[in-house]
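Here chain A shows up in two complexes: once beside chain B, once beside chain C.
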Partner chain A sequence: MSIGQLELVKSVSDTSVTSIDVTDAFTASYNLYHIIVQGHITTTNSLIDLRFLDSSNTAITSGYRYGHRLLELTTNTEPQSTSDTTIQKIIVVNNGDTFAARFFVYNPFSNSDYTHIALHTQAFSSANITNMRGGGVLTTTAQVKGFTIYDATFSNIDIDVYGIKD
Partner chain B sequence: MVTKNSLVLLSSHTITSGEETVTLTGMSSTYNVHLFTYRNLKPTLDNQSLLMQFTVGGVTDTTANYTGHMIKISDSSDANSPIFTNQTYAKLHDNTSNAANEASNGNVWIYSAADSAEHTTASVDVTYITSSSGLANSVGHFRHEQNEAHDGVTIDLGGVNDITSGEFRLYGLVK
Partner chain C sequence: MANKSNEYGFVPSSPTQARGANTGVFEVNDVIDLLAASQWSGTFGNLELIQTITPAVHDTEADFDTIYESTYDTHFLTVCNLGNVNGQSEMWIRFKEGGVLNSGTNYAYNYELLNQTNNTPVGSNATTYMRTIIRNETGSNGYGVVWLYGLGNSSSYSVATVHSGLGAQGHGGQGGGTFYVKSAVNGIRITPGNNYAFNAETVLSLYGINTV
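Right, the complex of A and B next:
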């Protein structure tokens, strides 16, 4: 019997933007989401950030903690914060080029649990290859309906949100 | 092209009061890749380690063949990189919180589980709140270094410590 499903619930694309909102992506139908982000930036040394959107699809600007580990050809650095207005540096793109990322998001629509995100990201440039793993948490139990990705100039960006059905 | 039912639920279990372990079975040669997910896992006692094992014929495989490398990435200190070899379990992470709203969430991709001629290997991503209310992520990989087929997973918090709550799912990725 097949009762589990990976279901595409939202696709968003844009060009020549500095941010992209993925609204109404999270619903009561799923507790766990798998998100794929791909794109290209035109700004150099971009540190792309993420905020969750509340039940009114407004960006939540406090209560984030995160810890990542960059795995680069030459250095390993660890962006981290115990209190921030955003989850910083979800993607690090050196010198402007293509990037790809996949996230797992846990419990976003719940009113009783923190929303967690686990990250795998990869960026390419002529000078470096940057992989990153880690994650973050929104330390409130408020309902989350979406997210915004920002802080770079995206020549194109494509986001697919999949719900993993129980 | 992702289609409906490309990820098929094989087994699930939800804990709402104390249970010592969780075992989910259903892994088979129908799938090359399996995905184990859990969310809102919370121990009865604070500051516990989360352990994972595979099963053979539905029985937890406790042979000392689990070898792996995990990196703990926190929000306030440098990462450490515990390596374990020939253990009777794979430690996914330590220091789990049992406070309100604080829990562990994670996913484990499992490869070659049903192949009796290969080691079963796994890639781990966990995000959790520690007993000091900080954020930590545990990422890495492990394998069971014995050529045998495995048909499931067991989750344990060690000793007699119970799991107070958690939702556990085992999926197969359609070929």
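Right, the complex of A and C next:
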């Protein structure tokens, strides 16, 4: 494959779920992943979280740090934590409807580096428009093979994971 | 471009020339032609150039009228040297349904303009265009990218995320927007904003990410 190319490595879709696991998405073939998430939410005030999955595709429940900047119309807040069981609020939808998100995940398959994530999401409901930018890190060097997105009722969710060939 | 059915490839005599399902033996030239006709699968994940527009100076709008909205879930728009002949302004995006521009109060946007020490949030939940933080400033053109999601999905709003760099002082911007009509979008109109007219340097390129 061409160097620098985006290569689709995994597509996952589901409907009427409260969480979605993307297993075995990360391999030794890539160090950097570009992830696109699109979907709809039916629950109000959805604050969607993300956890990484370990080498057994089990959710990792400690060791997260993150800092975001959430812009709700023109009001800023800055969700952040230096010790959490998850990366909170990767997507915020005030009153349930359409969202889209892009993530970059760095070094997930490495056994010697932390796994980092950078994100940019946009959502809209009848109540408000929200825009989120930020990032986080899983402060363990254990291998990560996937991730789970949860804490809302998704009427549908589509996830495409691309590897960037280096 | 005309359908390439049975024009390219050999073995078998009628190879399959359908995006995502090519079978048969093709010469390199066949592949190039089928790529141009959006009938070649290639490697999934490629950015595929749909169209580049260089508006003529004093044009007030640039229209992408063929966006392959049923082929691509995600589009990517690059903006280089954005400017206009009137003054400082933010780039606007509007969408077309069935080839007809929707200029109703169906758009929302928000963004932050970032400089060395401050941020300036701007937004609207109900307006007639998606205003972006890709803008020109006095003596300096604007640069940025727009990711567009779900344009062809008739059961979804169309969503955008925007990043930019602009100004002689190195300002940046981040934001996004939503076209909150659940319909299939089949065209994109870009304007310099404020009903201004483009300069002679603006270059707009629209890509799709192939997943099928």
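Going forward, the second predicted complex is superposed on the first by the 163 of 166 C-alpha atoms of A that agree within 3 Å, B and C clash if a C-alpha of one lies under 4 Å from a C-alpha of the other, contacts with A are read in each partner's own complex, and residues count from 1 in each chain.
In the analysis below, a contact is a pair of C-beta atoms (placed from the backbone, for glycine too) under 8 Å apart; a residue touches a chain by one contact, two chains touch by 3 or more.
All values reported here derive from a predicted model rather than from experimental measurement.
Once the complexes are laid over each other on chain A, chain B and chain C cannot both fit and instead clash. By the touch criterion defined above, A:H120 lies against chain B and chain C together after alignment on the C-alpha atoms of chain A. Once the two complexes are overlaid on the shared chain, A:K89 sits clear of chain B and of chain C alike. Of the two partner chains, chain B and chain C are each touched by A:Y162. Once the two complexes are laid over each other on the shared chain, residue contacts for A:S81 go to chain B alone; chain C is not touched. In the superposed model, A:E7 lies in contact with both chain B and chain C. Of the two partner chains placed by the overlay, only chain C lies in contact with A:T98; chain B stays clear of it.
In the superposed model, A:R133 makes contact with both chain B and chain C. Once the two complexes are laid over each other on the shared chain, residue contacts for A:K145 go to neither chain B nor chain C. In the superposition on chain A, contact of A:R51 is made with neither chain B nor chain C.
Under the contact criterion defined above, the residues of chain A that touch both chain B in one complex and chain C in the other are 2, 5-8, 69, 120, 133, 162. Those residues of chain A lying in contact with chain C across their complex are 1-2, 5-9, 11, 36, 38, 40, 69, 71-76, 97-100, 102, 120-124, 128-131, 133, 158, 160, 162-163. By the touch criterion given at the top, residues 43-47, 73-74, 108-112, 119, 121-125, 147, 149-150, 156-157, 159-161, 163, 174-178, 180, 209, 211 of chain C touch chain A in their complex. Listed in rising order, the residues of chain B touching chain A in the complex are 2, 4-10, 12, 37, 39-40, 71, 73-79, 101-103, 105-107, 125-129, 134-137, 139, 167, 169, 171. Residue ranges of chain A in contact with chain B, taken from their complex: 2-8, 31-32, 65-69, 78, 80-82, 104, 106-107, 112-114, 116-118, 120, 133-137, 141, 162, 164-166.
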